[in-house]
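Okay, here's the structure, questions in a sec.
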Amino acid sequence: MSATLAEICAALGGVLHGEPGLSIDRLASLETAEADSLSFVAQARYASQIASTRAGALIVPPALLEPARARGACIETPDAYLYFARLTQWWKARREAAEQADAGPAIHPSALIDPTARLGEGVTVGAFAVIEAGVVVEQGARIGAHCVLERRAQVGARTRLSPRVTLGHDCRIGADGIVHGGVVIGADGFGFALHQGEWIKIEQLGAVRIGDRVEIGANSCIDRGALEDTVLEDGVKLDNLIQIGHNVQVGRNTAMAGCAGVAGSARIGANCTVGGGAVVLGHLTLADGVHISAASVVMRSIHQPGQYSGVFPIDDNRSWEKNAATLRQLHSLRDRIKALEKTS
Amino acid sequence: MSATLAEICAALGGVLHGEPGLSIDRLASLETAEADSLSFVAQARYASQIASTRAGALIVPPALLEPARARGACIETPDAYLYFARLTQWWKARREAAEQADAGPAIHPSALIDPTARLGEGVTVGAFAVIEAGVVVEQGARIGAHCVLERRAQVGARTRLSPRVTLGHDCRIGADGIVHGGVVIGADGFGFALHQGEWIKIEQLGAVRIGDRVEIGANSCIDRGALEDTVLEDGVKLDNLIQIGHNVQVGRNTAMAGCAGVAGSARIGANCTVGGGAVVLGHLTLADGVHISAASVVMRSIHQPGQYSGVFPIDDNRSWEKNAATLRQLHSLRDRIKALEKTS
Amino acid sequence: MSATLAEICAALGGVLHGEPGLSIDRLASLETAEADSLSFVAQARYASQIASTRAGALIVPPALLEPARARGACIETPDAYLYFARLTQWWKARREAAEQADAGPAIHPSALIDPTARLGEGVTVGAFAVIEAGVVVEQGARIGAHCVLERRAQVGARTRLSPRVTLGHDCRIGADGIVHGGVVIGADGFGFALHQGEWIKIEQLGAVRIGDRVEIGANSCIDRGALEDTVLEDGVKLDNLIQIGHNVQVGRNTAMAGCAGVAGSARIGANCTVGGGAVVLGHLTLADGVHISAASVVMRSIHQPGQYSGVFPIDDNRSWEKNAATLRQLHSLRDRIKALEKTS
C-alpha cells in the first residue's frame, strides 16, 4: 500500500510543505524510517532527531516546522501525535478496504445463527461463530470467527469482536467498540456464602453493560454482577489480561494497562488511569482523575485526584535482602528513634 | 420471572411474616431494591438501612426481625446470607428451566464426538465442541460450545463447562463443578533443564485431577504435572485469570481471588484463602487455614494458620517516592540508629 | 507404555549398571517411585534419598554412582537432569506414536482452509480450525482444533499450536515452537493519543515475529507492534498468562514465569529470567543475563547482569500493618535520625 502526501493531507488536513506527489509506503518511527516512510515528531524534546532521521517526510507541530522544513517534506499540524493517530486509522482502513474485495461472504455459512437473532445491515459473522436466541447485533458490527454470543446478548453498531470472544447471556456492549481475542464478558462473579466450612455459590443474576467506544484487550475478563450489572462507561479502554470483578463500575474514559485487576463492587471514576499489574481491592471508590501507578495496590478509597504509588523499589538482590529484613523491624526501629529522642 | 413469598418459603424454608401472596420480580441489594424486590440484611451493622430500603420484602435473622417486621413483609431465617445464596440458586434454576423449553437438541449436531467417548444420561454438548477418543462425561454434565475435551479426559456428573474450555488429555474434573470460559486445564507445566545456555524441555507426563464441587474462573490455567498430577481437592474455588503451576496441590475448600498465581510444586492446605493478585512461590507449603492478603507474595512456607500480608502501602506519588528512596537505605539507617544508641 | 533399561540406553546413551531387561512403566520422582519406575538424582544434596526410594532404577551422575549401584539398577550419565529431560521427550514421543495409529485424518474435514494457504508436508490441522488467505504452515507443523490463523500468518516447521490459539494476521512463529491453549498472538498493542479527554486509537500496523524453539504458555498474549514488529528471539520460553506489550523485544533464550508482564517498547536482553508475576515497565532496557525475582517491579533500566529483587516481605498481618504504617513516615524518620546525629 502507498499514498502520496497530497492524498494524506486531503484526507486528514494539515499544511503540506514540499513535494505533494511524494509517495509514502510505510509509517515508521524516527529511528527506523527510510526514504519511503512518513514519521512524526510530537514534542520539542525529540527535535534533535529531526536532522538525523532518514524519513521521507515528517509530521510536525508549528514549533518544529523550521528544522523539519530544512531537511525535506513535512506536514504541519497543531497536534502531531493526534494527527499521527488519525493517520494510522486512515492507513489501516485503506489497507483493509483493499483486502475486503477478496474477503468471503459476510455471514460465513458455518456460523450458527438462531432464527430469533436480529442482525443489522452490513453485519459480518465469522466461521463457526455461535449466535444464540434473542441476540441483537447492530449495523456494521463484525463478529469474529469462533465467537459465542449467548442468548439476548447485544452488540452495538460497528463494534468489532475479534475471533474467540464470549459475550455472555444478557450482556451488552455499545457502538464502536473493539474486543480482542479470548475475552470473556459475563462469566459469573466470584460470590459465595461460607457455611460450615463449605462455599455455597451465590448465583450471579446481573449482567455486564458496556458503553460506546470501549476497547477490551485480549484474554481480559469482565464478570457479570451478582444482582445489578457490572458497568463500563463510554470510552473505557482496557488492555490485555485485565480482571474486572462483579458489580464494578468504571467511569467514562478511564484506561487500564495490562494485568490490572479490580475486585468486586469497586467504583472507579472517570478519566482515571490504572497502571499495569495494579490491583484495586473490592468495595473501594476512586474519584475522577485518580492515576494509579503500575503494580500499586489500592487498599483504601481515594477521594482526591492525583498520582498514587506503592511499589517496593527494585534493587540488587543483596541490598534488597538486607533492606527487606530490616523492614520487618521498622516499627521497632521507630520506637528506638523515639527513645533516643527522649534521651538526647 | 416472578415468585410469591409463599412459593419461596415453600422451596427454601424460613418463617414468613406478612402477605404470602406478595409477588417478587427481582432479587436486589438494599440500595437498589424497589417494591417488586426481595432483599436481605445479614448483619446487624446494616440494620440502619432496614427503615430506608424500598424493598418489597426482606430476608432477616431473628435479631433483626423486629425492625424488619415494622416496615413490611419479611422472611426470618437463622443465616440470612446463606438463605440468600440458596435463593439465588433457586431463582436461577427456575429461570433456566423456563428457557430450556425452547433450547436446541441436547447434543448439538455440529459437535464432534468420537465414537469411543461415553456420555452419560442427560448430558448436553454445545455447538462445535470436540470430544476425543476415550473421553467420559458423566450424567447431567453440560459441555459448552467450542469446548475441547482431549483424549481420555473425564467430566463428573452435573459439571458444567462454559463455552471455550479446554480439558487436556487424561485430565479429570469431578462432579458438580463449574468451569468458566477460556479456562485451559492441562497445558504443559513450565519445566526445562538448562544446558549450555539453552532450555531443554522436560515433557510434562502427569495430568490434572480436580475434585467435586470445584469452580474455576474465566481464562484461568491449571497446568498438568511433570510426573505426578496437579491436584485441586473437593470444594476448591478459583476466580478468573489464576495460574496454577505444575504439581501444585490445593486443599479442600480453599478459595483464591482473581489474578492469583501459584508456582510449581507448592502445597496449599485446606480452608485457605489467597487474595487477588497474590503470588505463592514454588515448592512452598501453606498449612490449613492460612489466609494470604491480596497482592502479597509468599516467599517462605507458612506453618501456622492466620492472616498474612506483605504490600507496600499506597500513597500520593511524592510521598511514595521519598519513602521508597529512603527504603533503599533502610539497612544503613538501622546501623546509624545502633551507632546513636551506643553513644547516647 | 513400558520400556526396558536397555531400550532407554540405546536411545539416549548413558552407562547401564544392572539388569538391562528391567522393565520401566513410569517415570517418577524419588518420593513416589515404585519398582516399575525410573527416577533420577541430579544433585549431591539429594543423595540421602537414594537409599530410601523404591524406584526400580535411578539415573545418576558419576559422583552418585556408588550409593545408587549399592541399591540396584542405574544409568550413569554426566548430567542426570539433562538426561531426564531428554528421557521425558523420548517417552512422550513414544507414547504419542502409539496413539497416532488411531488418530483421525491429518487435515480434519471440518477445518476451513483458504485455497491460497500453503501447507507443508505432514502438516496436521484439527477440527474447526480456520486458516485464512495467504497463510503458510511449514512441514510437520500441527495446528490444533479451533485455532485461527489469520491472513498471511506463518507457522514454522514442526511447531505445534494447541487447540484454541489465535495467530494474528501477518504474524510469524518459527520452527520447533510450542504454543499452548488460548494464546493470542497479534492483538492490538495498547496505544492511544489523548485528545480533549478522549482516547484516540493508534492503529497497530506492525506484527509479531517469533523465532525458533519458542514456547508460549496458556492464555498468554503477545501484542502486535505499533509500527515495527514485536519480537521474541529464538529459544524464548514464556509460561502462562504472560503479557507482552507492543514493540517489546525479548532476547534469545530468555525465560519468564507465569503472570509476568512486560509493558510496551521494553527491550529485554538474552539469557534473562523474569520471575512469576514480575512487571517490567515500558521503554526500559534490561541487559543480557539480568534475573528479576518473582513479583518484582522493574522501574528503571538495568545495565548490569545479576539478580534483582523488590518485594515487600510477607509477615503476620498485625506486624505488617505496623511496619507498613511506619513505612509511610520513613522519610521523616530519616530526618529524625539526622537530627539526632547532629546533636549527639
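Labels A, B and C are assigned to the chains in the order they are written; within every chain, residues are numbered from 1.
Going forward, a contact is a pair of C-beta atoms (placed from the backbone, for glycine too) under 8 Å apart; a residue touches a chain by one contact, two chains touch by 3 or more.
Computed from a prediction, not measured in an experiment: that's the story for all the values here.
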Equivalent-chain rotation between subunit C and subunit A, CA atoms, steps of 5 degrees: 120
Shared interface numbering between subunit B and subunit A [over half = same, under half = different]: different
Euclidean distance of C-alpha centroids - subunit A vs subunit B, Å: 26
Numbers and ranges of subunit A residues touching at least 2 other chains: 128, 146, 164, 182, 219, 241, 259, 277, 311-313, 315, 325, 327, 329-330, 333, 337, 340, 344
Residues of subunit C defined as touching subunit B within the complex: 27-29, 32, 79, 81-82, 84-86, 88-89, 91-92, 99, 102, 110, 126-128, 144-146, 162-164, 178, 180-182, 213, 215, 217-219, 235, 237, 239-241, 253, 255, 257-259, 271, 276-277, 294-295, 311-317, 320-321, 324-325, 327-331, 333-334, 337, 340-341, 344
Subunit A residues within the subunit B interface of the complex: 112, 128, 130, 133, 146, 148, 150-151, 164, 166, 168, 182, 184, 187-188, 190, 192-193, 195, 197-205, 219, 221, 223, 226-228, 241, 243, 245, 259, 261, 263, 277, 279, 281, 292-293, 296-300, 306-313, 315, 319, 322-323, 325-327, 329-330, 333, 336-337, 340, 343-344
